[in-house]
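All remarks here apply to the structure that follows.
Labels run A, B, C and D following the written order; every chain starts at residue 1.
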């Protein structure tokens, strides 16, 4: 049984709270939020205790693990505190707003030796996970072409976009991680073309709302990722991996499985209205995997370092969008090893 | 090369003519129709000769095979003439309006020994044929449940329905044949429930426009066939066969493969507007199979006797609709043998 | 906030317990089970109190509503106790093993005036519910043909089947309720044909494992329900309703949305392995609707009487299976009214 | 009625011959091929006349229109001959192996004023055409993102590839035309990344077998086209167009519509085995449109100039593949106008 403290009682914090309460190996002990009332309300719903000081969070006597679900600019600080207290820690992406700072934090936490895990929840999407298993087991042969669509239903507020770091760092970064995880390869280069089609004012601060990225894998395989901020037809996420012997596709998910037949066509249920409808179940599964690793004393499923790699790709992609050139992705200082499984040399 | 005469230059005759002209092993020689102008127009389009007497059709010196595509009440007479002339013959369903007369004609033709084939074109539907192969090869194990939907888009004229013999004889009969062909079993009993929902006036002459039939196969397997005269959403034909190890389905066919995604749903192309859009390719394939049998001097694929069996089921179904009881299907006088392959005794 | 006692801590009881704990308007107070250890374990997981006497369940001072999730033969007794104590009550199907006893219990409970609700959870299937809304809103016009498939993946133990009351009462009864709910009509007659194909020994106690039922609605519309105990390919549940202007289908649900393309075909994820995978979310939704009615002081969504109607159809269907005849369904003594919305006279 | 001469009796010539024979407004008069025996065999099958001199093809007294279906290096010569003879002409793609020569030929033919039409048959794909109509009618709003997949089942012989001009000119060019036709925009720039994954020896002559192209439209909309020589799972062609209000997709086409349900998955029919299975019906439709324009004396549907534009894009794409840079597409000397409909300025 792992005694958990949760930092952050906002929207996503409430999701984590419900999952912590339901997990059979978790004792959901403590909630902290800078908004004390919010912490109290959330804690009381699940029989946890609201605390008002971080000292009660990072307390090895009462807590085994901390879940950091607070705002991005606090992640680094809380990660260091967990390392100092010797507590296991799970943290929302990203590790830190800047890659340089993220590097420092990861080095610090790794030195401490505490189990530290990123919440790469999309890896736990039922269908993406099945696709990854097909690819990893050789079900489509050697990977040759990967296509990913990341398309949100509606434009976030421009005020949010201004401070988001840009589409590559804010949106596409999730798919850079999925790409590494699915192919077990680190892409070597990236080119990006983008436009501000939905709201041209986005261009005024150097960002885009519609973009296509092309990446190359060490094996020569090619990758296309399209990122769209506003579809008009719902949340559209899709992955396909073509290999030397077949293709596997994690298809668009509809919100239901009803069909109405009329003379002018057959109307199926639309895609999910928003991203949360699709990804909700992934949070509990990601937590489950972390807790299981703690219970079994095995390596965490998504070490912080994986986040550095995704972030490095996002940095190169941001540069490529500005330069109009194909940019090499630099994982330097990472002392990098392939993420999971050895690759055979490409067949001749 | 088989020299063919075609009887009938109406709508379906023009379909047969195009297929006769395109078949590589057919010399499309002669067209006959009681409407001479119609025969002439059709013949000239394909370089055939229009004739005005049946003597020029049933002429062994000039003709090897006759395709009877004229009206139902003439089939028997033309079949006998082909038998007398020693010509191979392919005929549209049914053999004759009454089962008794059909029996007589079949006996007459069989005695002559000429190759005589019914145009059971639906057996050549691309998807139904694939389903039949799956079933015949044991791909779903022993058949346990069969479901068939036969649904036309719009009500035929009531004047037509009055003389059609009723829904079982006119519409469902095609599926009685498909059932025998797919399962290689002759159903033993049938019950039918029906209503005149589309046009209550149909009830005044004892017919229905919407019905469900339940049949039992010798193995104990169950069959459901629904027959609908007017769907309002296009031509809807579907077959599924559940066996002891799996299920195979010949799905509804859409008229295209385009999808439009909007916020309120995903609109697929509708089903075919009419039956002809779905079945058109089957006519050429059915002809091809007959011609191939003639060329190879092998048994014809759908001997007339198969038509008697389907007609016998339709008679019992018509009786069942009237009686409200489960009726035994009587194939007597047919000296019947299972149509194609031996059945093992049902496993214990 | 409704204080709930739960009776029954078996498999389905644990499902109800999780839902009671998660429902925002429920105070999950008490668990009772004849197996005290089981009750204690379940109660402790959710911070509820295990009790050892029914007096602590039916205690108006501490409890507002009782959820009866114990074995079928105890439902009647607990329903009467809830009525006596003036407590709201939600009960698993069926009300009682025999229709006669069910009648008595319903009369008793109705006289008491307590809110009493059957757990017709399948009505809360996401897709079936959407289909029902399409039908109720006239989206397919007047109902003309209904088809339902109820197919379990594997044969239950024969020992269970022997005491189950037969396929109609045990399995098909759920679809008799769905039929009434979807069409807002009470069927007038039923005919059933069945076979013991999976395990012929089932025939020795008068039951079947594969059956097709044909029902007629007051409007003349026709209904087909097939019930299968063992598919070999997973849990297969499907409903389609054809009306005068279109068709709506609640499709087979697959366990995932992944496709693998190979040269010999495209492999999609299979259907759910078992019934529970499909219906799990329906239990929470059914509970939610009951609690919402209690909170709003409005009529319960599925009054006990609805269960009598489904049970009456199952009785007639059982008789029809034995007699081989079309049986009239007798709702007598029910002082019956159409379940939900007025019907216009059938259009001429 | 248009009297046609066909040049070329090879594989695709036999397809054209069958379509010429079946078209109601065509008098299929003459066949020419450098292989005289081949011409004779094809002509005799359809009652046409085989000729041995091109003088009998380009003979205004006997012929109204010429269909050029011979090898690519002869197209220019035959086009000039048709212009000289004042005959209408339909020609297979491309106009000439080099863009410069194609420019000259088009100028020559345009000066003559004869109706001259390219066989852009893929525009007549049933589903692509429906997609184009949806886009053109504003059914998805302003185009923002286009994705096309062009994937053949198996690698053509390396000997063929060596002289093919490269993947962009040989394969992707068809989709450059579809792109212009669907969006009614001429792309302004193109970047291409490619690899020789299937057969590394292809790299030795500067070609690739797997590539992704990114194009930008004048409106800022983005385009992705992937081109694959060998899939391992059949012929895979797919187009989707995302606009400001929705998305339209011309889906992968399967070779049949049968599904087999087993415990481990649902097996659908594979994609078509080859490209011809998908595109066969488009040839007759493309011919039909040309003949209809001749009969009605209206502009031809696909003037030669459209071929120049597609070829200009392919040249820029070939350059981009070599340079690794985004290349501007130069339509110079074409006195270019948007192909079909005016565009409103992009909305603010």
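Note that in this section a residue touches a chain if its C-beta (ideal position, glycine included) is under 8 Å from a C-beta of that chain, and two chains touch if they have at least 3 such contacts.
Just so we're clear, the structure is a prediction, and the values are computed from it rather than from any experiment.
In the CA-based superposition of subunit A onto subunit B, the rotation angle is 180 degrees, rounded to steps of 5.
Placing every chain at the mean of its C-alpha atoms, the farthest one from subunit A is found to be B.
By count of C-beta pairs in contact, A-D exceeds the other of the chain pairs C-D and A-D. Once the centre of each chain is set as its mean CA position, subunit C and subunit D turn out to be 58 Å apart.
Between subunit A and subunit C the centroid-to-centroid distance comes to 40 Å (mean Cα coordinates, whole Å). Subunit D has its Cα centroid 42 Å from the Cα centroid of subunit A. Multi-chain contact residues of subunit C (touching two or more other chains): 231-233, 236, 245-247, 261-263, 269. Listing the residues of subunit B that touch subunit D in their complex gives 18, 22, 47, 126-127, 130-131, 134, 139-140, 245-253, 256-263, 269.
Across the complex, subunit C meets subunit D through its residues 231-234, 236, 254, 261-271. Subunit B makes touch with subunit C in their complex at residues 141-142, 144-145, 147, 151, 191, 193-198, 200, 210-212, 214, 216, 219-222, 224, 226, 228, 231-233, 236, 242-247, 324-326, 346, 348.
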